[in-house]
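Below, subunit A partners subunit B and then partners subunit C, in two separate complexes.
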Partner chain A sequence: MQTGKSKDNSTDIKNGIRFQITARQYLFILIGSATGSGILSLPRMVNKEIGHDGWISVFLGGIVPVVSLLLIAAMFGRFPGMDFFEIAEKVFGKLIGKIFLIIYTVYIIFVVAASLRIFVEITGIYILPRTPIQAVIISFLALIIYSIKNGSRLVGRFNELAFYVLPAILLLMLASLTTADFTNIMPIGEAGILKILQGMMISAYSYASTEQALVYAPMVKNTKKVLGYGIIAMAIVAFMYTYVTVICTLVFGENAIQTIIWPPILLYKIVTIPVLERLDIFFVILWITVAVRPSINYLFVAAYSASRIIKIKKHEHFAFICVLVAVLIFLLDIIPRNVEQFFALADILGYGYYVAGIIFPLMFIIASLFIRNRRSENG
Partner chain B sequence: MVKRKLVLGFLCFCYLIFISSCWDSRDIEDLTIAIAAGYDTAKQSGSHYDDKENKVAVTGVFPLFEEEVVSSATVATNEAKTIAATRVKRAYKTPRKLLLGMLQAAVYGDELARKGLYGSIEILLRDPQVKHDVLMALAYDRAEDVFKTKINNYSNVGNYVFDLLKNSRTNAFIPTVTIHAFAMGALSDCKNPVLPIIKPGINSIEIVGLGIFRGDRLIARASTDEARIISFLRGEEMEGYLPFAIEKEGKIFNEGSVYVKNSRKVEVYRKGNIYNFNITVKLKGDVVEQSSQRPLSEKGEELKEIEKSVAKDIKMQCESMITKIKTEYKVDCIDISRFAMAKWRKELKKIINDEDFIRQANINVDVDVVISRKGEMQ
Partner chain C sequence: MYSITRKDKKIKIKKTSENIKSSDMGSVPHAALPRDFDSKLSMLHNYIKYSSDIVVRTFSMHITREIKAAVIFMQGITDIRHLNENILKPLIHDCRNHDELESFENIIEFVENKLLLVGSVKRQKFLDKVVQDIFDGLTVIFIDGVSEVLIADIKGGDKRSLNEPLLNRTICGPREGFIENLSTNISLIRRKLKDPNLVVEKFVLGKRSRSEVAVLYIKDIALPEIVEKIINKINNISIDGLLSPGYINQFIEDNPFSLFPLYREIERADIAVAELLEGRIVILQDQSPLAIVYPVLFIELMQAAEDYYTKPMHGSLMRVFRYVAFFLATSLPALYISLVSFRHELIPYELIVPIAKIRSNVPFPAAVEVLILEVIIQIIFEAGIRLPSPLGQTIGVVAGIILGQAIISASLASPAVIVIIAIATISTFAMPDFCISMTARILRFIFIAAASVFGMFGFSMAWMFVIVHLANQNSMGVAYFSPYAPLKFVDMKDSLTRSSIFSFVKRPKSIPVRDDTRQSAGSKNDKGQQEINCCQEKNSKAKNIRNGRNKKDEQ
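Then we have the complex of A and B:
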């Protein structure tokens, strides 16, 4: 018979495991967060700004999230055994630290709202054109709450499972190359270094996902692998983004691509493969599994951050917090009148990524240096 | 455990209500499926308030699936100010909802094409239901006439037009053009699309040539023979039969046909302000018939003669076509400007569509023919 103490102990261990992930799951979470709806508008955006050399900017854009991961790793390296929430309060004190955490959580909530709304919009256009958007949002939010309420371990598992759908999507895309024009991408590098670097900063928004490492990285069992796996994740994402942008540019060219809202979806509509008559339907079905991941991953981060800010017992009331955050996201999602307003919001959130993913860890590192200097002066 | 089941039950309820198509459900018997559509300028203004400014006429081909009916498709034309407004007119007359997801062919009238087609295909490009590999054609006169032709021994006129367009590239060196390909041509800086021209006959519809476009506007028509040469110069990979005739001492020594597949290679360089294009048309195929009783030897001397004869003939036709392009069409309908763009995009972006660019370009053609012997005869 179990004693009360040992029962509590095993529950704690179980609950601890709920919020632990493996380094592999961390890798899949980062990939999952970056490969959502953003990849569908990226080829249009970069072709509009840079022209046919946009794919170079997309590839180089992968440097920005790597910088972000390095800064985050350096930040955690200065405070071993502590997570982002503890570090914030230690470095800036309870009040200012909490303000930072609230800004971070609000940003994440807006990211979930934007990514979910764009995801639902695409689902609505291709599969459920007459179903009210509210009904689709509620359905997906219910699914997301169910996926995250038991902790990050399940989030990691789902991301790993959905990752294996991606190769099928990317391979099917090759069918469209029968209509490709290789002159569309030439001459390579004509845009000039300055413009390509400008484009790199624009395309870096699409890599937004590393700011989640502030929450997910301390959950990884083997902390030594965090940075390496994070960089591998970004390399995979950079490859996928470049691959998609190159194919879209080859097929549509820099002019036509600007008239299409989501060019990668159209790649599946221009060719017919015998037996698979409507490739676009296959794509949308596969894509739903893939594109729901950013909403799942970010909503988990939002709910986890909220539970840490208000300091409730995350093991007991996490599901309740998830529901509260989901309700907030639902309200945010139904306010805008059309998807254009969300595109505008997504642009602003792009800057938010630089704040949360680069400026925050940098500030924490600089502030921690001051604390250490002050301590050494005192001691 | 009970709590978990309750949550699962709630989720299932949500999905049953929201995602199982409560709003999006459609009964197949309640649908009119369009498989082909024709677009023309409107014939006449109507008398009603909303008819006075009719601009377009849309003809739809809707196959019938009921067993009792004799006719296999209904063809109906509606005129209105916009294409979408013709759908309203159609709804006044027919009780079923329109489904465009199965659309296979779109034919455009000559008059409409001369005004520009992008505005007419935009509605199809925008519609998520419609695939972008719908085949396009130009009607010799009105698209409406094409679809009102009675076709014997075929399921319906829509399928007939679709099959005709689909197989033209493998039968007759006529390109198969999708709305995607047309739109890319119309929207790009340096590409100009072409469309096969179809004409109604007695109980048949036939391909009679190729429409040549500047952007999305029809500017000229080419005959089927010219269409074949344009296709060779454009490099769109197709296949078909070509005749040959070998003359010796002023007499025809051997004549017959080869079945060839075509491809092309384009090289571009510039000297001063003159752009030089070297086009190599490549034809590869087999002899399918010959009049001579002399067998085709293993050494290939006879085959070489056939190759030379085909190459000479095609080169002559290509050069004549290039002259016509430079003097008459004044538009790059052979899709070579993009090779110059691939080298000097920034410089050429503003001038590539000018008539002078193609008129002043120096275009050389070479024809490379490789013929083998296949089949059961030597």
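Then we have the complex of A and C:
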């Protein structure tokens, strides 16, 4: 990319070559963002709320992100060729539009902070018990900055590569089925429809990732494929979540599972494979590649929207913003004392997902209707 | 034939870099040559008098009258026999019988058309060009009374014979490698690829070395954007001397600071042809047996030519183990450190006891132990390359057996570490590409450092950095880590493993090309026919055998 820097728009952060992704990369980004640390606590959460029928809620929870994707697609459909930032300013005007964008960015920054801290906590417990948490966070942030500073193209590529680890880990889970007890999920549907629907809303937090589509969807080259690939991504995620929840419920039972912080990791403790002793540590090491992805994807979204808000155009300056946002997240991550506060924060951010993923696009669509009406009245 | 001849190209290049050239050649004025023979010679004499290897052979031609003439050439570069037979003999001897001089405009036209028995001849008017041509190794013919001179290309001299190359060795494949002669190398490619669309563009690079560089591509396959990009980058190179294509690489590579080679160095014509057929660009340089290929993918550095020459399963097996070898070469010492000093519990119980027992004698931590041996191995490797081959083997024996034994008995390292380092080192040389094995050696040190500081966590973080780095690289704007990222499902059939040649109907999608059809649809069809015939034969054979058996049973 050394030639033609001044001529073409290859270094622009809007529509530049480094800020374009393929539809397939979009799919992997959505999958990668959803399958982070959330999947580790999901079986416990749903079993606590709904009991052994939790997996039904988990499966049905996949409807919420699909609704979100449909709304986002409808929103972009109303403004072809524009991205989220331009739409916000067009619909609500410069000032109010900017306030919405800032809310969105702050929300994303908090999501990164929470997910990174929880993830670091897991690695701390299992692999680096004596390393200060700041060192671990800094090394992760270094990796994240390195992978996002070159644009969404690289983020997409990394998500594609890291995807393959996930099926491998999930297949290893099958080995723990030797201790499964099928009476643990029987009878199916005991909890009742109402409770299952209630659980659906809780499990939908774990699908949080579609709010990123606001930023990633306009970057996809082939706009026709965006919605379809997004829904496929959510179907894959729903399948994975259900699969993990079912296996955890089968093995531990609804009562025991509530006392385990991260049931899927414990699954690997049960399994012994001749050469690989302590499969759970092996799992966490592999898990690093999977679980760092939400942080990468979200931090990119945060840095990208921050630079769009302050009207940065060139890729060189974008790298600088990445570092700034990363420093901010580092500070956010080391202020709270313990991980409990982050779990509390994560619960609040769950509602934030509804705001960013569903209410935002809905609001934009409604507002755009008014604009069109007003225009037609004027004209 | 799209081949652009040397003459045209040279003039073109000179036009683009006229300013640089005229200032550089300040000592030789851009002056027209005079008509008079002696003044011509004396004018030239100033510039060649310090080069005693330039021969000025004066003689006189007898065509209706005595005409003074001279041949100027450089010893060692000019083919002397060619010169004697086809230039000097006709000029001095054969011209006596000619009396058709009147039918030609001037003497030089007569000489060019009737006397010289040389394939490529051109005319030159200016002094600086003539001096340049003499130093380029061309033969200059001066004739009295004409301001133009004739320049004949009869380069010859010594060159190495075709040998099996050191790089890209193969068991089942052609043995011929490139040599240090550009025209021979191009002819090796032309012999294997008789396509008139094969373009050979020549450039002269290096202000002082004036090395010839040829860019080869197939016109209707290679993407013009990539070709243009490479040619632009090559034209921008302005350096005094160019000794190897490695120089060009460093100028035109997309990211010179990447650990991974974003080009491929090859030494065999069959690989070059395979690359050309996939729409890539091959750069050859005179006086170097190396050819470089752009754009290149990471997967190619794990491929050897014979993967394609043997059965797909055999090729795939070798290829998978090359990936395994790459992993071992880069990661095995780091894995050992992170397991032994940070994560004993990951090692099986039966293994940890003997390891701990041996390690109790060694005074160093695992990281230091590994580093000591790693440094020794790297030095041995370097020494092995530089020493003459008989001595190299001795070094190998001394280093491998004596030093290894001594290190263990001096308790400087445990036998386990020696095994680990030996496996990693051997794996390094299982790489089919020399550059990637160098990359593996550097990566090994990085991983060792990461593992000794952060253990298993550092190791996997370092790998992630490498993967992100790989995904970020481009070779002439083509994604380097394709087909893995960006994912190209179609190309997966020729990545970690390889399927049959008949399944490669299209060219690889990872490299953008103009024409991606490789096989016409019919090439697979006759397979079914053969199968039926075979079946019939088999059936009849089987029947015979069965009958025979029955008979035997009866007996």
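Assume the second predicted complex is superposed on the first by the 363 of 379 C-alpha atoms of A that agree within 3 Å, B and C clash if a C-alpha of one lies under 4 Å from a C-alpha of the other, contacts with A are read in each partner's own complex, and residues count from 1 in each chain.
Note that a residue touches a chain if its C-beta (ideal position, glycine included) is under 8 Å from a C-beta of that chain, and two chains touch if they have at least 3 such contacts.
Only a predicted model underlies this, so the values are computations on that prediction, with no experimental measurement involved.
Engineer: Regarding the shared-chain residue A:R278, is it in contact with subunit B (first), subunit C (second), both, or neither?
Structural biologist: Both partners, subunit B and subunit C.
Engineer: Given the touch rule stated above, what does A:K269 touch, subunit B (first), subunit C (second), both, or neither?
Structural biologist: first
Engineer: Using the superposition on chain A described above, determine whether A:L170 touches subunit B (first), subunit C (second), both, or neither.
Structural biologist: neither
Engineer: With the two structures laid over each other on chain A, which partner does A:F252 touch: subunit B (first), subunit C (second), both, or neither?
Structural biologist: The first partner, subunit B, only.
Engineer: One more residue to check, A:E190. First (subunit B), second (subunit C), both or neither?
Structural biologist: Touch partner of A:E190: subunit B, not subunit C.
Engineer: Regarding the shared-chain residue A:L161, is it in contact with subunit B (first), subunit C (second), both, or neither?
Structural biologist: In the superposition, A:L161 touches subunit C alone.
Engineer: Just subunit B (first), just subunit C (second), both, or neither: which does A:T131 touch?
Structural biologist: The answer is both, since A:T131 touches subunit B and subunit C.
Engineer: Where does A:I312 make contact in the superposed view: on subunit B (first), on subunit C (second), on both, or on neither?
Structural biologist: In the superposition, A:I312 touches no partner, neither subunit B nor subunit C.
Engineer: Please work out whether A:H52 is in contact with subunit B alone, subunit C alone, both, or neither, and reply first, second, both or neither.
Structural biologist: Once the two structures are laid over each other on A, A:H52 reaches subunit B alone.
Engineer: Just to be sure I follow: which residues of subunit A are touched by subunit B in one complex and then by subunit C in the other one?
Structural biologist: Dual-contact residues (subunit A): 127-128, 131, 136, 139, 143, 146, 278.
Engineer: For the complex, give me every residue of subunit A touching subunit B.
Structural biologist: Against subunit B, the touching part of subunit A is residues 52, 125-132, 135-136, 138-139, 142-143, 146, 179, 181-184, 186-187, 190, 252-253, 255-256, 259, 266, 269-272, 278, 280.
Engineer: Of all residues in subunit B, which touch subunit A in the complex?
Structural biologist: 7, 10-11, 14-15, 17-19, 21-24, 128, 131-133, 178, 180-181, 183-184, 187-189, 338-339, 341-346
Engineer: Flag every residue of subunit A that touches subunit C in the complex, lowest number first.
Structural biologist: Subunit A residues touching subunit C: 1-3, 22, 24-25, 28, 123, 127-128, 131, 136, 139-140, 143, 146-147, 150, 154, 156-158, 160-162, 274-278, 281-282, 285-286, 288-289, 292.
Engineer: Inside the complex, what are the residues of subunit C that reach subunit A?
Structural biologist: Touch list, subunit C to subunit A: 229, 232-233, 254, 343, 345-349, 454-458, 460-461, 464-465, 467-469, 471-472, 474, 477, 479, 481, 484-487.
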